[in-house]
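The letters A, B, C and D name the chains in turn, as written, and every chain counts its residues from 1.
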Amino acid sequence: MNPELLTPGGANVRAVHDAFHGDLLEVSMGPHHPSTHGVFRMIVTLDGERIVKLKPVFGYLHRNHEKLGETVSYLGSMPYTDRLDYLSAMTNNWAYAIAVEKLAGQPVPERAEYVRVILAELTRLLNHTCLAGFLMQDCGCSGTPLMYAFREREKILDLFESLSGSRMMCNYQRFGGCRVDPTPAWVDATRTLVGNYGAFLDEFEALLTGNEIIMARTQGVGVLSAALAINAGVTGPMLRATGVASDLRKSDAYGVYPRFQFRVPLGAHGDVYDRYMVRVLEMRESIRILEQALAGLPGGPIMDPKAKLRGFRPKAGEAYGRIEGPKGEIGFYLVSDGGPNPLRYRVRPPSFINLTVLEDMCLGQTVADAVIILGSVDIVLGEVDR
Amino acid sequence: MESIEQIRDRLLARFPGAQLAVVANPGPAAQHGLLLDHEHAAAIALFLRDDPVLRLDQCTNVTGIDWPEKEIVETVKSSVPDPAGGPAKIVETKTKRLQPGCLEVVYHLYSVQHGHGPVILRLRTGNRTDAVSVPSLTPVWRACEFQEREVFDLFGVTFAGHPDLRRILMWDGFKDFPMRKDYVEPDDYEWEPTPHGAVLEKAKVHYPAPAPAAPAPTAVPPPAAG
Amino acid sequence: MLGSGLLQGLAVTAKNFVGSFHDPARYTTVEYPEVKPALPEAYRNFPFLVSENATDPMGTLRCVACQICEKECPPQCIYIEKSKDKKPDAAGKPQIYPAIFAIDTSVCMSCQICVEVCPFDAIKMDQVFEIATTTRFEALLLNREQLAKPNSYYHGIHPTEAAEVDARLAADRKAAEEKAQAAAAAKAAAAAAAAAKAASPAPKAPDESRRSPQGEGGPPTPKPQSERGAVS
Amino acid sequence: MSDAPTPPPSPAHQPASLPAITDAERAELRRHGILLTSLQELYTWGNSHSVWPLNFGLACCAIEMIAASMAKFDIARFGSEVFRPSPRQADLLIVSGTVTKKMAPQVVRLWNQMPEPKYCIAMGACAISGGPFKQGYNVLKGIDRFIPVDIYIPGCPPRPEALLHGLVQLQEKIKGFTIKGPDAPRHLQKADAGEYPVPEFGARDLEPPHNPAVWSAPTLVRAEKS
């Protein structure tokens, strides 16, 4: 690996700058900018229309999540995790629950594991659908794909709401299981949704995937190499779009994922189009997992009977638990001193770390491409800034 | 994957002068850490990344931990033989010891290629005030770039060799390190209708001086007792 | 052929456009202010206090001011002051009651943890969401009188959960009565014995042990997990 | 009084202070097919049904705001579907999410850039008071510390229907305005500055931490816990 590539402001900057010999213009995009998915800010240095330097600025949504996590109890942090990546509350819940269960050595009943898989895959569908909509919005397809995405999102949210009581902030997982047991009616409704989702994806793909304008706009844009992606800690669909077969559902084999048949879609070029395609293909695999999980959903308790709700004090120690969230590896690192709240509560935010390579992907591209490259990273500011 | 002791032994064979210590994790997770010295940290990290057996090519998580100074009371029980020949007396001697505080940076390493991990590296600063520097591992793993900046911003650890060490989440002129345990947040409490604990203490500062006889002013009508 | 992807996409939008006039699956708009949304039973917004009796809500609050929810509430939006005196509850037993019970809905994040930790089923989640106001301080701090809603209202919004709660409370009450009867019988026996042997202390009523924790102690009878609302 | 063929405002939307004609008389006239309106009614009617929001999302609530503008909830039914990316073209600032101290100056700046008449909705607990993140070091305890808020929508996050309800409340409020007099909206009153001071980043907090001209909290004294 070329070490210069790994240093920010390395070889790439000079190469582009020398080739154009232009006067440089510094543009601040954000924190209020329609394309930055929230309050993200980039300071972009432009040579004509080409980007020669891009410095992300964070912190506009830094709401001291980790500090609060150290002042409230272990249970009390669960609703806060909903608000990290607010498009995929269920996977945040699960990642936190897994970390605490590791910390306390808490077993989880089988039914709860299945329900967690079902909810995590529904979240993946929800997140990837919305991301495709937002990405197309950034490409300039104003409205239509996002409208379709949100139409489907509402259907999944109805399921979440009827199960957990809230559309977005589910607060559903508990240490040692789940909060409420899904009724047969809920399982049937989920089965119907999963059965219909393939048809929606066909329609969505007919709208977008073959579209010549989208291909021209996204192919070959924002190319990321596999070596840099691994070294920079990039995870999730972004890493797989570069062709690296890395999926925690396979490699960590957490929960009951080893029982399901599914493939890990990989990209070949590591560009924006690959990142979009990997997500679409992942949704198809999620539907397969959902069908298997719904068919095999066992009976039994949803909570471990020995699990404690109040006065939960794990023994001194530490644990890092991680799962494959829709945006990449979401992990929680907890240090306990035996007290009612953690001594250290750390979130490993996938989209924050995926942004490490934003500058590398944008160098040499036009400023309009920076918008879709950022869109293809799939950031949610609640998680980036915490 | 090799156990942490095996990795330590291999590292000691490769870097004879290195000071390595296994930090045991007593919890059920049993994810033990390896405490590195500053001098060899970067070389060891590079070795762990490129070693064909371990191939820890991804540093997923970097975080800081604040360990404030702690007073530890140690109780030593010793039996003093009774000179009169009776049963030995048990005497407890309590010694107070000040455990110095430090800031710790924790790195979680995984291998994408082999699919194993985590190997946990730890670096500690000398104290919490002036010797707060540790070597940066950003030249080894780009993933550390933003995360080390975050540790610098929130904990005040400076990373020697970091290419772009600035505040990342707070604004540039900010003076404090908010994730430290002794951080005192600015006093902007004025309307706290449901305070308890620390919030009540902070809100009390803004309460008007109690009038001698009149009832305390309230914003909402006090609920009728009954 | 170049442009076939575009045409295919246009066909999709055309299908959706035409479909929105006759296909219910493609016409998704809710007519909100005119048609109220059908909220699922599990939907939660802000907490309310359950009172047994609609005519005397303050007198029959289930809440005994144990302050567990206040401690567990992650954003600390609950404030309780215990009463100095005791008042009879719905079963006629003298209980401490909350002299002040305030919830700051401008802070509450509807996480339902207060409901989960309450050992007395006294606090439950409401479903009213049309609460936009023009003032912050007065309108969004709810006090005891505004929070108290009768059990019948609870049955109206969460029927399955409320039925379970009522069944559990009735079972508890029955068990407590049986225990009290047994204790009374034991007391009578003890009194007979005490006639011979003076000054024997009367046994404490077992019901007291269930309703007594104030403050530091844990909940006396944690609800079994299986009984925790299985609502969907 | 001028006659104009506008849709008659429903009785619930009548402004409070109309000296010349009573509601009963108006209803009687309407029964005979005569529509009466005033310049004031026209003004507020037009104003209230074309409230264009700023395309500005902060956090979780922004997703629900987007959901409200999508097919299912369709904010276009209320005349507010035109989300403007530029503050110069917007009438309504929906503060949808947590306002951090780092973001607060930009929010005030956006508010200053909006032309009159402009309105502000604080959507969700965080925008109202800091919400669940209130006790944090980088969270502004309510956007009303710096800019005037017309409607508060509690909830975390409020349902899209709740946002629509808040919008209807705002429309009611606009319809209650008069062009002159004490009921005139804020921007038509001489005392209103229009521009609000933008806070600066201090060493530990925003300076000033709140704008005393806009915000003052009542004091609610809470007792020490037994």
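Here is the rule we go by: a residue touches a chain if its C-beta (ideal position, glycine included) is under 8 Å from a C-beta of that chain, and two chains touch if they have at least 3 such contacts.
Note that the structure is predicted; figures quoted are calculated from it, not measured.
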(request) Please identify each chain that touches chain B as well as chain C. (result) A, D
(request) Weigh A-B against B-D on C-beta contact pairs and write down the one with more. (result) A-B
(request) Compute per-chain Cα centres, compare each with the mean of all protein Cα atoms, and return the closest chain. (result) A
(message) What's the distance between the Cα centroids of chain A and chain B, rounded to whole Å?
(response) 27
(request) Would you mind pulling out the distance in Å between where the CA atoms of chain B average out and where those of chain D do? (result) 44
(message) Centroid of chain A to centroid of chain D, CA atoms only: how many Å?
(response) 33
(request) Give the residues of chain C that touch two or more other chains, as numbers and ranges in rising order. (result) 28, 74, 76, 79, 104, 107, 109-110, 137
(request) Give me the residues of chain A that touch two or more other chains. (result) 59, 62, 64, 67, 79-80, 83, 151, 154, 169, 385
(message) Where in chain B do residues touch at least two different other chains?
(response) 169-171, 178, 191, 193-196, 199, 219-220
(message) How are the chains arranged in terms of who touches whom: line, ring, star, complete or other?
(response) complete
(message) Under the definition above, what is the set of chain A residues touching chain B in their complex?
(response) 3, 6-9, 58-59, 62, 64, 66-67, 102-105, 228, 230-235, 239, 244, 246, 251, 314-320, 322, 329, 331, 333, 335-336, 343-344, 346, 348, 352-353, 355-357, 385
(request) Name, in rising order, each residue of chain B that touches chain A in their complex. (result) 25-29, 31, 57-61, 63, 65-66, 106, 108, 112, 115, 118, 120, 139, 141-147, 154, 163-164, 167-171, 178-179
(message) Can you tell me which positions in chain B touch chain D when the two form their complex?
(response) 169-176, 178, 183, 185-186, 188, 190-196, 199-200, 203, 206-208, 210, 216-220
(message) Help me check something: in the complex, which residues belonging to chain A touch chain D?
(response) 31-32, 34, 38-39, 59-65, 67-68, 71, 79-80, 83, 86-87, 146-147, 150-151, 153-154, 167-169, 381-382, 385
(request) Over in the complex, which chain D residues touch chain B? Could you list them? (result) 101-102, 129, 135-138, 141, 201-205, 209-210, 217-222, 224-225
